[in-house]
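Please find one structure pasted underneath; my questions will follow.
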Amino acid sequence: MENLVYIALFAPLVGSLFAALFAMTPKNLITAFVTSGLLFVSWVASSSLLMYVMDHGTISVNMMEWIAAGNLTIDFGFQVDAITAVMMVVVTTVSTVVHVYSIGYMEHDKGFNRFFSYLSAFVFSMMILVMSDNFAGLFIGWEGVGVCSWLLIGFWYHKADVSTDVNPSISPSWAANEAFIVNRIADLAMLIGIFLIYWNVGSLNYDVFFAAIPSLENSLLVSIGIALFIGAMGKSAQFPLHTWLADAMEGPTPVSALIHAATMVTAGVYLVVRANPLYAEIPNVSLFIAYLGTFVAIFAASMALVNRDLKRIIAYSTLSQLGYMFAAAGLGAYWVALFHLAAHAFFKALLFLGAGNVMHAMHDELDIFKMGGLKKAMRGTYLYMGLASLALAGIFPLAGFFSKDTILEVAFNEHTYIIWFVLWITAGLTAFYSFRQVFLTFDGDERYKKETDAHPHEVQNFVLVAMAPLAILAIIFGFFMNPFKEFATTILPAYEMSEHTHHIAWILIIVTTLIAVSGIVLAYKKYANGLVRDEKMENSFIYKLLQNQYYIPKFYMEFIAKPYKEISDILWNKVDMKVVDATVDGIAKIIYFTGDKSRKMQTGNLSDYLNWMGVGAMLLIVITALSMSLS
Amino acid sequence: MEQIAFYLFSVLTIGLFLVTVLSNNVLYAMTSLAAGMVLISGFFFLLGADFLGVVQLVVYVGAVMALYSFGMMFFDATKDIKEKNTSSYLVFFLSGMIALTLVIMFSAPIMGENIIASYPIMAGATNPQAVGLVLFTKYLVPFEVAAVMLLVAMISGIILAGKKMDDSLTTKDENHEEDDTFSRKDIK
Amino acid sequence: MDNILSILIFFPALAGLLGFIVDKDSARAYGISVATIEFLLALWLWMIFDGSNGGMQFIEMVPLIADFGISYYLGVDGISLFIVVMATLMVLLGMIGLSIKKDIKNMIISLLFLEMTMVGVFLALDAIIFYLFWELSLVPMLYIIGAWGGPRRVYAAVKFFLYTFFGSLIMLVGMLFLAYLYHDITGVWSFAITDWYALVLPFKYQMWLFIAFFFGFAIKVPMFPFHTWLPYAHGQAPTIGSVILAAVLLKMGTYGFIRFSLPILPDASVEMITPIAILSLIMIVYTAMIAYSQKDMKQVIAYSSVSHMGIIMLGVFAMNAEGISGSIFLMLSHGVVSGALFMLVGVIYDRRHTKMMSEFGGLASVMPKYATIFGIMLMASVGLPLTIGFVGEFLVLLGFYKISPIMTLIAGSTIILGAVYMLSLYKQTFFGPVTNQENHKLKDLDKKEMMSLLPLVAIVVWLGVYPKPILEPIDNSVKHLVAFMDKKAKTQEAKDIIISTTLIREEK
Amino acid sequence: MLEPINISMAELNLSTLTPMLIAIGGALLILIIDLFKDGLHKSLYVMLTLLILIIDLGAVMGLDVNQRGFFDLMLIDGISILSQALILFTSMLFIPLALTSKRFHEYSYPEYFALFLFMIAGFQFMVSSDNLILIFVGLETASLALYTLIAMHNRPSSYEAAVKYFTMGALAAGFFVMGSAIIYATTGSVELYKIAEVLQNRMNETGLMITIIGGALVLLVAFGFKLSLFPFHTWGPDTYEGASAPLAGYMSIIPKLSATIVAMRIFGMYIDIGIEEIRIAILVLSVLTMTLSNIMALVQSDVKRMLAYSSISHAGFIMAAIALDTTKGNSGIFLYYILFMFTNLGAFSMLWISRHKNSIFHNRFDHPYEKFAGLVKVMPMGAVVMALFMLSLAGVPPFSVFWGKIYIMSSAVDAGYVWLALVMGFNSAISAYYYLKLIVYMFLKDPVNNDGTIYYNISKPLMTIIGLAVFATVTSVFYVQPLLEYITYMVGASGY
Amino acid sequence: MIGLSHYMILSGLLFSIGLIGVLRRKNLLMLFFATEIMLNAANIAFAAASHYYGDLSGQMFAFFVIAVAASEVAVGLGLLIVLYKKNGSLDLDNLTVMKG
């Protein structure tokens, strides 16, 4: 089994390195085949591991010692347990699909080989992240996916910067940097968490740490919990570190599908789920997580309502769904969070890939106001995206229905009715914006004919075929909820609904389904027959507020980025040059100046010299008189 | 008697030397210097240092003054020398302060009670005899060194005042008249 | 071969002397050959070095001025071994990548002499010998900066020399005072560091001595506010000068703290943790911000060096094996990474004769290999896990966390601020469209440049993934050191703060 | 009538006098040779002087430590032997600098060499007596000869230099005599060991302290002049500039060394008997000297003048060691002088070989910095050698001056004057700037005048001397130990 | 009764007068006069101390001082002659080529 672990882990790396060899050469299909093939291998290995773990429980392997200093020993240790196995399968599944999809999507891109190299490298990092048996290993993966994300968001690095009016993300490279830097802020907190663990437990291994939790003080656990969660907030783009995710849509769409929907952004959720013994001990923090998640869910959904950018809408919906996951995890329903994570991965990836098809067809036009009526040209894509949107909206029997409803039930069950209510509202909003997007894109008049010079056409068949597994999973995954629960709860706490909740569960389901359906209906009413722009509404304060993402990016720009730059400039020009350096030079100058002044005593006139001797004698008298009187 | 002589001589010496340092006329200065020297020999006689007094007269009034006279004639310094004595306040302040310090110092009970003379003035001998005795035993080496010093002074005087100094080899360009065999051979 | 250390020190110098005879056109080949031999010697030293032994090895001792206690006293332990290896490596790679045409022979000879002094500093166990090499290292560097540098090279070179010279003279007084104290207690004159270790000094003296040493080391490091010579030196120095300066010369300062301040003055070191940490934090944050506002690529890296040196300083004063080992490892990694970055800037400077970021943009499209290597080094510089930069930084922050969580948090901002300025640099130069027409013609890395950069890339990855071969000997020596300090410390405060690893293990 | 006095030759211990007699005899020999034959080449006289100095050195080395001779007038103790040997050795190194390829006025006089030897004899007398009379006479002999030697260079600046030096010297002589008179008046003796005894007894007399200290101060003025301490140093730069380079180099060492020895004897005595004020006065003077002359050296534009100021600064360094009055400090002085001598010998020789007859780079200076610009391109070896000397002067290890510096700094630390060591450190740092300036000119600038005639005055003997200086400067670390051992023994043996 | 102090004070005063001359004079020849005064002042002190202690060393010193004074005059005049030949003046204010 150990070999399977290594195969699952290193196959993507091999693929990545192989592709890297061709990174600077023109497009070569072999890179795509090799990487995709190896990913498939990894998927097979992961799936077998899943099976194995189901039967035999956790597998642990220790590859080698990584860092050892003082009392600290960090190994490259991997363990595959239920959580990991689920994550591995999700990751490999989505990434295999995305790889294959990319063969079509990146067909004409100059950086074709490079793209596959990056993509596989990402998968490798993600695998490390989920497979590591200690926090340091997790951190490797954590940072690794960060870098790959940076590389992939900035994949089209050659694009120039534009002003935020034209493109709120400025440029791919700008967005990439933003993503990296924001993530780093969170990583710092995570590091602090790791340090706290080390100095109080003496080891970074999950097992050791979890075993030690009962003996640790609560305040300490709270600190660790907060620190780790801040880390998770960065990676999962929770408020207030969420801005990067929307900007990350600058990357190629497969990247958005894989990284910014299905896998990397869920790493935060994974962390919370993974650290469930910790969070179980600190209910206050958990509750905060739940509230924050809830807030983000509605917050992001609200922004999605008005956005015109196809990918950004999906990005906000991802954000919103991540909020759901955190809400579940925060409420203690870890397996539910994990289940929603998996389900979301499938349908969201599908949605993104569909969006990629649309983009392709529209020559990279993303404004849904400029589309419409695309269903004629792109039936398959329409089908996929509709399906995925239904799943997202939580319509029976699609995967989203099961997972989302369970979360709502949990919220209800925990008597956190506010959470339930907000999430319930959000479910409605979700349904509305998803279908607003679907209808604006595919239904109604063919606005693109006027607005653009695109000639939309369906993508290659193999691409559609490649997307099929995701579609299938999006449909059927919900039915695996019970086996999933059984499997996951082998190591996660089994969350059971109270009797009461059980009884009214069907009411909740109906209520939820109702709001989702009404959302869809509303969207249909408004948009299915073409776009009617409501100037008044678009100029209203709330609309503007939402469109500008509550002015948060602007706020960050104006109150953090710009002042930072200005302070830096001041520090350099004013402080470092004019104070610190000038002091040093000033001392030198004073010495030099004194020399210049005192050389004046050397007048060249003997008479003055003789007088100096007299002065000297006088000086001696004064010195001695002083020292005599002092002593 | 001794007191009268001391004070008289003191006042005179001080006066004469003041003339020496303050007068703008070189002739006055020199004359008063010579006179002061004579008076100083008077002090020597007063103090029983007869030999020293005589040497003082011979060397100073005889030799040194003669040299200065020659020098003065050479430099044609009889004409009034215009000196720009700037910063005289400083000069007088410094000298005054130093004088004051010295006076304070010397007002102290300098005279030691228990000091045993290393080279006592012998009872039976005249001063020149006693001086001679010490000079040619204990101080023979300094005496000889003084001789060397005078030789050095003589050589120096001759060289410096000599004709050879008129033409400087140091500044003479010798591009066409290279130095003798040695350097030509060894120049790199 | 018991005298391998002497050979290591004097081989380059001898080769430098003989180099006067070598023909101008062959000088570079000569230099590379000599540097290769020297590097192999260093590797060999590593091979025969007993990594499990934390003490000094290959000790050589010849009394020089016996009456004054000065002897030619060399030794190597895990702390110094790798810095020496790195120094020889950087000289070798620097020479391979050398692009200077003017007076190349003088350059090669200067480099070889510089190599002698660098190796000497790290191998010396006698304070005066240490000081000797320490001062002597200024001379070739002065020449390298002053003769091949930019427009303000003379100013930069002189500033570098005088500033360091000034600091080290204060340090010298400290050394003399220590020797005096040693003489006072034992009746014997000795400048041997190992002898000094045995001294248990009153707290007051420790403080004064600490301050004296501090000036010498802090200026070299360079710690805020003594850092202003560095941007000039780097800004004006030729590539090779910057490489050596950043990779090796700066490490002398931090090495000095480890070699002198900590074991000789443990109580004072503990007492001074807070002030030093505050200075280090200022270095870390302040210079990172300044780096962000630079317009010259090289200045960014120069200031980033200061910032990273701040982390190293923190690690040194973490007073536990994790932190100190980490800081030594970080010295190595910073040496490799900043050396490589300076080489990379040199590459572009050779082509365009400018280092201003505004002149570039979109280089990634024109020079993909260059951009890749730069990117790898950038990631190592910002401390990405599995690159060399992470291990040290992680250990340092981890170690210092024990001292002060808040300060660690501030210090940790380096991972953010570092990313800010490095990514901003990368974006400005490598990303975006190629705006400047001249950049279209740029050639990617040639063979020579690849030869000098690829080994560094390999090291960056290798030691990032598998730092054990280096970390373990370092750690052994550091544990040795920390245990020693723990034993020697007198004040309770110091005893509390210094965490001796072995003791903890025993408790467990 | 007086009794005849019987003196046995053995009691006189004439051997104590032999070294000086050899020098004087040699000088007379040169004068006589000149009488017999005119126009002999200077190389003859140089070699003759060298031989005489060698014999002299042999005689000095043959002396036993701690003996007195000639009615206890001569005092041959360790420091006397040491300093005589150093005087002779240094003279031997400097005198061949006369063998330039170009002709200079002073070397056309055989009397130059005679005066040189007389001067050496004067210095030898000065250092080997504790009788103020002999010290004074020796000092004056040497000084008068030296004034003449300076003036014999025969160009306007050398007269100016000689006159300035002479006049200030005359004033200093006045102070010396006055100081001695005060001491004599308070102690009734002119011999230091007796003075010390009497002073010790009279220390407690009320009101006398002021006179005791006053006398020492007046003497200190005189020595301040000789040692060129601030503010009595003003002759220094001008005289160095006016004198020929070898003589300037010589003046930076030997007259100062002799004066240092005497100062060590006199002021060491005062400090020994516990008059702290003198120590403080000396310390203040030396600190002022090293600092002020250092910063004045910063702004010089002529190398020789810079070296003059630097020598003054080094003298301040040394004077500080006198104030410490420890065996280590006093040994340090000798060590410092020896090591400093090699370097300064080299530096001034380098100036000397680059001396042009007419100043072609500057209308006043012989050796402006510009002259050396880009030297490394024109004459790499010369530049490297000069740089070595500059680094040594700046106190960069392992070159010679460094060892002297740390030894003196260490003795300051030992004596509890850590601040003094720090001041020395600061000054070394400041001084590095102007030494560096020359290096910067030589290595980092482009040549101004590239006709390759900078080493205009070069000759084989000069190169040999420079080679020696380089060798001694670079390898100093190997001979410091035996030297130090010897010096410490000698100094310790003579009770300082 | 005239004591040693009287003579010493006289000597001190004369010394100071000499000092005035040295510090004040610009003409080298006249400056030299002043140095003679200083030496003579010291001589009086020597002779007086010698007298009061009944010791001859002081007289010896005075004797040698006179010798030195004479030598100095010789050398000094030699220098002055050279200087005068070249400069045509003995004024110190003309002797300021070297400075700074």
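First chain written, first letter: the chains are A, B, C, D and E, and each begins at residue 1.
Criterion: a residue touches a chain if its C-beta (ideal position, glycine included) is under 8 Å from a C-beta of that chain, and two chains touch if they have at least 3 such contacts.
Values in this document were obtained by computation on a predicted structure and should not be read as measured data.
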Separation of chain A from chain D in touching-chain steps, minimised, is 1
Of every pair of chains, which is linked by the largest number of C-beta contacts? B-E
Chain located farthest away, centre of chain E as origin (C-alpha): A
Taking the mean of all protein CA atoms as the centre, name the chain whose own CA mean is closest to it. C
Roughly how far is chain A from chain E, going centre to centre by Cα mean, in whole Å? 95
Need the CA-centroid distance for the pair chain C / chain E, whole Å please. 65
Per the C-alpha means, the centres of chain B and chain C lie apart by a whole-Å value of 67
At what distance in angstrom does the C-alpha mean of chain C lie from that of chain A? 36
Within chain C, the set of residues that touch 2 or more other chains is 162
Pull out every residue in chain E that's touching 2 or more other chains. 4, 8, 11, 15, 18-19, 22-26, 32, 43, 48, 50, 53, 55, 57, 60, 64, 67-68, 71-72, 75, 78-80, 82, 93, 95, 97-100
Two or more other chains in contact with one residue: find those residues in chain D. 133, 137, 140, 144, 147-148, 151, 163-164, 167, 171, 175, 182, 185, 188-189, 191, 210, 237-238, 299-300, 433
Each pair of chains that touches, named by its two labels: A-B, A-C, A-D, A-E, B-D, B-E, C-D, D-E
Give every residue of chain E touching chain D within the complex, in rising order. 4, 8, 11, 15, 18-19, 22, 28, 31-32, 35, 38-39, 41-43, 45-46, 48-50, 53, 55, 57-58, 60-61, 64-65, 67-68, 71-72, 75-76, 78-80, 82-83, 86-87, 95, 97-100
Chain A contact footprint on chain E (complex, rising order): 19, 22-26, 92-93, 95-100
Which stretch or stretches of chain C touch chain D in the complex? 63-68, 106, 128, 131-132, 135-136, 138-139, 142-143, 146-147, 153-154, 157-158, 161-162, 165-166, 169-170, 172-173, 176-177, 179-180, 183, 208
Touching chain B in the complex: which residues of chain D? 1-2, 5, 7, 17, 24, 31, 41, 43, 70-71, 73-74, 99-106, 108-109, 111, 114-115, 118-119, 121-122, 125, 131, 133-134, 137-138, 140-141, 144-145, 147-148, 151-155, 158, 182, 185-189, 191, 194, 198, 201-202, 205-208, 210-211, 214-215, 244, 357-358, 455, 458-461, 463
Which of the residues in chain D end up touching chain A in this complex? 163-164, 167-168, 171-172, 175, 209-210, 213, 217-218, 220-221, 224-225, 230-232, 234-235, 237-238, 276-278, 280-281, 284-285, 292, 294-300, 430, 433
